[in-house]
Amino acid sequence: MSLNLGNIIFKPTEQYHLNDITLNFEPGKMYTILGRTLSGKTTLLKTIAGLLSPDSGYIQFEGKDFLAIPVWQRNVAMVYQQFINYPHLNVKQNIEFPLKQRKMDPNLIEKEVSDAIQKVGLKGFEERKIQELSGGQQQRVALARSLAKKAKILLLDEPLVNLDYKLREGLREEFKKLFIGSEASQSIFVYASTDPLEAMQLNGDIIVIDEGKILQTGSAKDVFENPANAKVAEITNDPAMNLNKGKIDNNKLILNNEIQFNLPSNLQSMPSGDYLVGIRATDLYLDDQGFDFQVDISEISGSETFLHLHHQDTKCVATIEGVKSYEVDEHVKINFDLSKIYLFKESGELHYSPYQN
Amino acid sequence: MPKLYTFIKYFCVILWSCFVIAPFLWAISTSFKDFNSVTGGATYIPWLQFEPTLDGWSVLFKPGSQGGINIIGPYFNSIFVTFTASFISIALGTLSAYALSRYTFKAGFVQNNDITFFFISQRIMPPVVLAIPFFLFLSTLGLLDSLAGLILVYIVLLMPIAVWIMVDFFNRVPKEIDETALIDGCNPFQAFFKVVLPNSIPGMIVAGLFCIIFGWIDFFFAFILTFTNVQLLPVKIVALNSSITPWWSLSAAALVSVAPLIVVAFVVERFLSKGNLSGALK
Amino acid sequence: MNFKHKFVFLLPGLIVLIGILIFPIIFTVRLSLSGWNSFNPELDFVGIKNYIRLFTDDPRFWESFFRLSFLAVTTVFLQYIIGFALAHMVWKDIKFKRFFRVLFLIPMMTTPVIMTVIWRTFFHESLGPLNDFLSIFGVQPQWLSSPGLAKISIIIVEVWQWTSFMFLLMLAGLLSLPKEPFLAAAIDGASPFKKFMYVTFPLMAPISIGAIIIRLIEASKIMDTVFVLTSGGPGTATETSSFYIFIKGLREFQMGYAATMSFTYLIIMIISLTIIAKVLTKVLMKE
């Protein structure tokens, strides 16, 4: 019952949209496809759905050649980021649509539809027209329609990105609960997102994609703690992980030839040489004994402040708790939590992670 | 200077309104005249300047055998031809427009935009260019002077309009709705008929209105391609424009033929205000 | 998307159109290469003799073409300005808005030929109301029998008939404009003139271009009006290309030559309209 993609290539223009993708999806599991905008997430989902045909490669589902089956015969469901529903039908008719198309027994349809409506919390809205609903409600209708289909593959393309913050949090929790339902029914749940935080919260298997290529797959914890390379480290963190050129020499860790630390104990066994040094924004902190940095930009987000800083050639972003105001060019003193340093080879591959055993 | 602007505005609007109404008023007045009233010099107001008669009007409904002109036959012919041709044009045009909006075509160097241009370029052809070949074409098929032949020709005139309006319209219906229908189990035809079409009614109405208008007002093709069996309204009326021009019945006939589309004008205005037309026309 | 489906959608319309058109087009080209006329009604082959005649020995055709360009450009220009102005005036803030809008739409709904027949009586030099009115001022212009005035008569009729169409397109365009730029202009305290020049007109640029192109295409086919009002006269003062082709083809029955003119005319039109479209886009979009 698994879904297998092999060597999928999709190159409609000069650039690759999907560059040699090989993936395996097991039933009953949740997968998050994490990547930046235009990295190929939507293209991948559409290829699985059948809306796009790859130039080469194979897709197998339940042992059958999926590519030979047209869209309308594959048992998939898809929820878009723009709330897509049938505008000329009301809520109930929208959810019924795929079931009627399948010519299901009307009694069974009634049951499935009311089940789905119940699950997404839209009881009482059956007769409403789509245009009368709010964004969150419309997206729930789309979700209900997908659930009612009891599709074997459920694809969601950044479904919450057009909703406000609070709603997003709430619906994300509901997704997870609904998923437990599909776990039981052995469906494959694929959720595309640009937000690493969202990927972490969903806590499924993560597939990191960039420029049409798969960079890493693994559990959420694994991908987050041990990014396969510097690119993955950028994508899986928001703000992106700070990366600076550095070297280990003479028992010291030196960044950009200007900032020096005594080599911490966890890095003692590392050979000398040039590295790409990575550290998360949250692992920098204000410290009067620290190094002198100047503020370039100060951003406030939620209950945190992001400081974009530079010290001569070294640039980094630091996350400061609380909402504080900083002036441009103001001087602050920053220190690094050396126990959380990542080392990447100059080519980008992970050399050392603070979480590896 | 808002006050001055308002004054100018009303002045211009009223001036233009008079210009618009002028020929109608003249026609109405003339339709009630007879030979003497017309040839004696220009006259305007009935009863004051001339004796009104209903000659001009009554003669319209008398069949030719009784010395009348009878426009009822041509009237219905016009309606039949216009509506049938519009219907077929919209049906076929919408299908083609949908294909041009949703799919990519490539046959050598010919692409979507070229095909759309081909459709629309039919409007560039002056009737006279097509008239002679169509004349021969229809006579080969034995369809000269027939309703079917004329409908065939009108389809060439009207389908481009339908395609032009519907392509634009479909481009503004999100493709994702089609995709969702496919995912929900519809093959492309079902997706079109069950989902896209019900949401395209405003566009089709606009296309319909334009087709009807441009079909109804045609003169040239009807003139060249029909003679006695089939007569369309505009032809009939112009035929009256002979040397002994009966101004009165001419005016009456003109007013009668123009009346139906005044209703259409109302419909169009309502559509405009509701905002449906604006979207479709962009 | 499946390969087959898209053709099933596209082809019915395309095939019907081509099917009905193909014979006439091929025939026209073939005819243009023949010497079909009333003395010699057969499809012989004279090569490009007709085309040579057209380009070297027929000033009348080219004159008619210039006349056509003059009439088309003038009428479309007037229609655009008046139509836009009217649309702007009945856009908002005016009493009896609906009445005026419906009234202004009516001319385009009327059959041009029929209205032209009425105009013919209107312009009648001795019995028509226009000269009757003008006789108060002592002028009796010869609307239909003097070359210059005949052109003006045609322009008047065309403007009456088709400004309405421009009006419709412009009004639809105005009604679909977003509100935000206007709110911004109001906040900035812009005068109505400034508002028009810097907000309304630029926003309407794409629609203006579309409307002008469409009207130019339709205007270049001026036929009905000429046919009824002046029959191309007096002399050839109002003879447009279409009318000249009509005379040569269906009055003098020089079908071969008429076909040559038709085909040449078609090519010229397609080329010029494409160029005009591109130029207009550049000019109006720059603002």
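By written order: A, B and C. Residues from 1 in each chain.
Everything that follows uses one rule, which is that a residue touches a chain if its C-beta (ideal position, glycine included) is under 8 Å from a C-beta of that chain, and two chains touch if they have at least 3 such contacts.
Computed from a predicted structure; not experimentally measured.
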For subunit A and subunit C, which third chains touch each of them?
B
B-C versus A-B: which has more C-beta pairs touching?
B-C
Centroid spacing, where centroids are CA-atom means, of subunit A and subunit B in whole angstrom:
56
Report the inter-centroid distance (CA atoms only) between subunit B and subunit C in whole Å.
15
Where subunit B touches two or more other chains simultaneously, the residues are 187
Which subunit A residues touch at least two other chains?
51, 70
Mind pulling the residue numbers of subunit C that touch at least two other chains?
1-2
Interfacial residue positions of subunit B with respect to subunit A in the complex
174, 176-177, 179-187, 190, 195, 198-199
Which residues, counting only subunit A, touch subunit B once they are in their complex?
46, 49-51, 70-73, 76-78, 80, 82, 84-88, 97-98, 101-102, 145, 149
Residues of subunit C that touch subunit B when the two form their complex
1-2, 5-14, 16-17, 20-21, 23-25, 27-28, 31, 82, 85-86, 89-90, 94, 98, 100-115, 117-122, 126-129, 131-132, 160, 168-169, 171-173, 175-176, 192, 206-207, 217-218, 220-221, 223-224, 227-228, 241-243, 245-246, 249-250, 255, 258-259, 262-263, 265-266, 269-270, 273
For the complex, which residues does subunit B have touching subunit C?
2, 5, 9-10, 12-13, 16-17, 19-23, 26-27, 30, 38-39, 41-42, 44, 92-93, 95-96, 98-100, 102-103, 105, 115, 119, 121-134, 136-137, 152-153, 155-156, 159, 163, 187-189, 192, 213, 216-217, 219-220, 224, 233-234, 237-238, 240-241, 245, 247, 250-251, 253-254, 257-258, 261-262, 264-266, 268-269, 272-273, 275, 277-279, 281-282
